[in-house]
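Only one structure is covered here, and it is reproduced in the block below.
To keep things simple, chains are lettered A, B, C, D and E as they appear, and every chain counts its residues starting from 1.
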């Protein structure tokens, strides 16, 4: 479980409910709770946002994005530091036993991208060919993950607009049925009109935009790890001395974690 | 038929009508339906948006964009995976029968861009010359398709502005004809003023922006397929072994589809 | 005459007047027409926008932009296809009669940039020197034309802001002179306050932004034609065979027009 | 004096006052003038914008930006054409008297950047070394000037936000002290609340944003002049023939001014 | 203490309180002060912004950003000029005593990045290897610092949205409990609804956005210092003459400070 995401969701939605509760306490009318739950209004905002998303993106990509939604609740992927430890291990083995013995190390590696890289080195491709292949793989992965993040960004832009559409619909009906002799229910109707704006902004800023940001940052983090692996290709195939490789690879580590990686 | 687009349109517009219906049910006055259909208001918003678009872009490009509008209802273009299968087939034939026999394969190919590429290889141009020609073709295609997508993006920005212009016109007339002694028809007039904003936002977020996004993504998808074909030029003309070519081309395929392409 | 621009202006402004007319018909008071024409309000919005533009840009560039305003009503510049026909003609002459005879062709060419290019080739500069000179010229032209387009973009951002300033001024005076005993003229005052917002948005979205887009697209179209000419320098000076040159130059032509250019 | 800037300021602010005057004339109450001058409101908007700017940027850069504010009232810097005349003069001297005699020309040059360049050529550095040094100088200059322009852009974004903050403060106090029995002074209070929005938008669109645009364009103009000087380094040190140098340098001149530079 | 930041905070918040005070003085009711302090409203805006931030970014990065918040109150990092003096000192030592003697200078240096660079030169790496390592270190540092600045930018975008959510909640409750017979407390309720918008905009424009700008500028300043050190690698390892090195390094110094650095 990715605690930061889960805690954020519970805390954020909890605060909104608490704010409503505090305001309601002052007027002591708990029946008013119901004014914040209105399924047709929610359906309008959420459904129209989905509809516009289905028009904008191919079906398979929208489905991929929904799967990605659940991925953000999983644990964060390992940071670049753990990959560097694995790379250093492979460099030591290449130095000791040579390029031909690397196939024995492949099953021991956690990172699938490093496994593929070591496989290509062991198969005897030239460094430049391997780097070309790895760069194409990184680009292919980024293309897919950027589309997932784009879908949520797009939903975050669309949902406040449909919240506004719902509020205009509500206002128009309120204004047409307005009876100047008794204005009693006008307040309730205006409030009903506002609820779609409330849903639209809440969906955009509490769900869609944060998910888009999380997916986008995770994508960049993974791309960075892959680029570090790509940089290490000549170190493995060229059988660099581990101390020299450490001098290069330590540049990718945050200052606070350098000791840890160097000793590992 | 592109089901995702069609379903999106029907579902999205259906939800908006349903939302109006639900609100109207509560007050049981079906005559109110008419307040959401006002052809002068629609003409103002849609027509002014068209007018501003005609000033901004040359006539031929706007016409091209309208043709592109119907294209998005057609089936999605084949994905990059089917192109890679064709490229692998050509590489195998080049390996077996040599460069000179490639002309017999051209009519068998589905992808027109791959057909042109194989033709150029068969005609004996150098790899670099072919890559120059292909890159110019990709750029020319992107230029035309980007202009189509830009036109719809531009319309998505313009239509809410003219929705607002219409609302201001309505408000000004309402305010000028306001009779403080009987305020009965003021609500109806205000509602009439709001309808253009409703049309402007709905057109922008349910029609223009999604079409712009779909065209823009389709363009990038096609450009990617073309770049894969460009990358394969040295593999065909250099008569690479199909297994080596597969190691390179598989990098462009999404992980979930790699088995399928490799076996095909 | 550039029909698309002229028709767009007439159609767009006509629709806005028609919308006002329809609304007014319902209340049958044609004296109300006057509420949409208020020269002090128009002067405030248009004049302040001009003033802010004069502070932002040097006088000579603003004057250049106003001249460019009239240019967009002229015919569109010839498309890239007609330039390619001329380039092919020059390549044929260079192939037949050699570099030295090119000076006889210069007066026959329509495109001034191609004339300059052929002149430089005839004068005996190296290909790289010519390409350097041509790239500097393209950049100089783009600099000037981008500034023209930027000025109209900037005016499109400024005019709604001054429309809002005018509305605030009007609102403040209305609120200060409000007499709760008779509210009759309050509607008229509020309407007067709104008219500047109406002018600001109309100027921005019907005049300034479309002109900026048109200038910007025309600039890119011309830059593309110039780049095609730059690409053809080695073909002319190297006396390429016209068939090979066609294989290269056809890549810059839209698919639908390829036959036409190849046969021409 | 930079007339375009000064005239723009006077004209723009004059129009705003005129608009207020026209509106006031209709109600013939000149005491109302005072409603547009409210020093606490102005202090809130201007002061808070300053405060947020001081948090965002180091003290020395904010001071530099204020100095730049007065610079825009000075004359525009000489255009690129006058620099090209000076460069051509230096090229002629280098051709005639050789590299060693260039030190006699340095005091005659107006442009300080060209003086530095000729100094470096005279000192015998290689062309590539000089170009490296000049590019670093251009980048250093751009860094400082971009920060000045950024500060005014940032102020243009902040000031409408604090205008809105002031209006909310005013609204909250108005709403809390509202006495339903006599609503007379409510209009005056609402107007007082709106004045901060008026100041915020006016400051942003009449002062801060135009200054930012002017500084940014001046910066690009200077950078362009410097790049032309950088391009001319091999022409001076290589003692090019002035006619060849003219063929190259004329590309940086606008078509309308070419005759003037070539004859000069 | 970074005086510019501290003074900005005190001055800015002071002005807002002063504005409230002036407005309140006119109505002489100091009990109204309380309307601007409402902890549930503040908790809603600040807490929801935090919650959305925790969903968007990993826990460790949010914590890093909070530490960075306090960093901006510390003194500004030394400017590039002081680094250039240190670099010139190292170049002189390298010239006098050779590369092998550089290890004695390392402890005397203040800048940690220059210390690492001199260490790598002393260890005998090639210039290109050192530049590769330094560029990776600069990129790693920028990655971490850009994420800190991004978090505050993101909070500046989120907090006005949750301010608006709070206002909608307040409005909906006000409208539902509105009693047309006595409207007395409606003003108070509306004011209570507006307070969250006030907090949202104030947090965004007085705290979050200025901090993001300050972090972003500090990052660019540090990156520039590091790039100057990277540029000086061949000067140190190649034992350049200090006068030639000065000619190059002086290009990175602002004109006003050149004398100071050259004499130092």
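Note that a residue touches a chain if its C-beta (ideal position, glycine included) is under 8 Å from a C-beta of that chain, and two chains touch if they have at least 3 such contacts.
Just so you know, these numbers come straight off a predicted model, no measurement behind them.
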Other chains in touch with both chain A and chain E: none
Interface composition of copies chain A and chain B: same or different, split at half: different
Cα-centroid distance, chain B relative to chain C, in whole angstrom: 25
Between chain B and chain D, centroid-to-centroid distance (C-alpha), Å: 40
Residues of chain C engaged with two or more neighbouring chains: none
In the complex, chain B residues that touch chain A: 3-5, 7-9, 11-13, 15-16, 18-20, 22-24, 27, 29, 32, 35-36, 76, 183-184, 187-188, 190-191, 194-195, 197-198, 201-202, 204-206, 209-211, 213-214, 217, 224, 231, 247-248, 251-254
Parts of chain B lying in touch with chain C, wherever the complex brings them together: 40-41, 43-44, 47-48, 50-59, 62, 120, 123, 125, 129, 132-134, 136-137, 140, 143-144, 147, 154, 158, 161-162, 164-166, 168-178, 180, 192
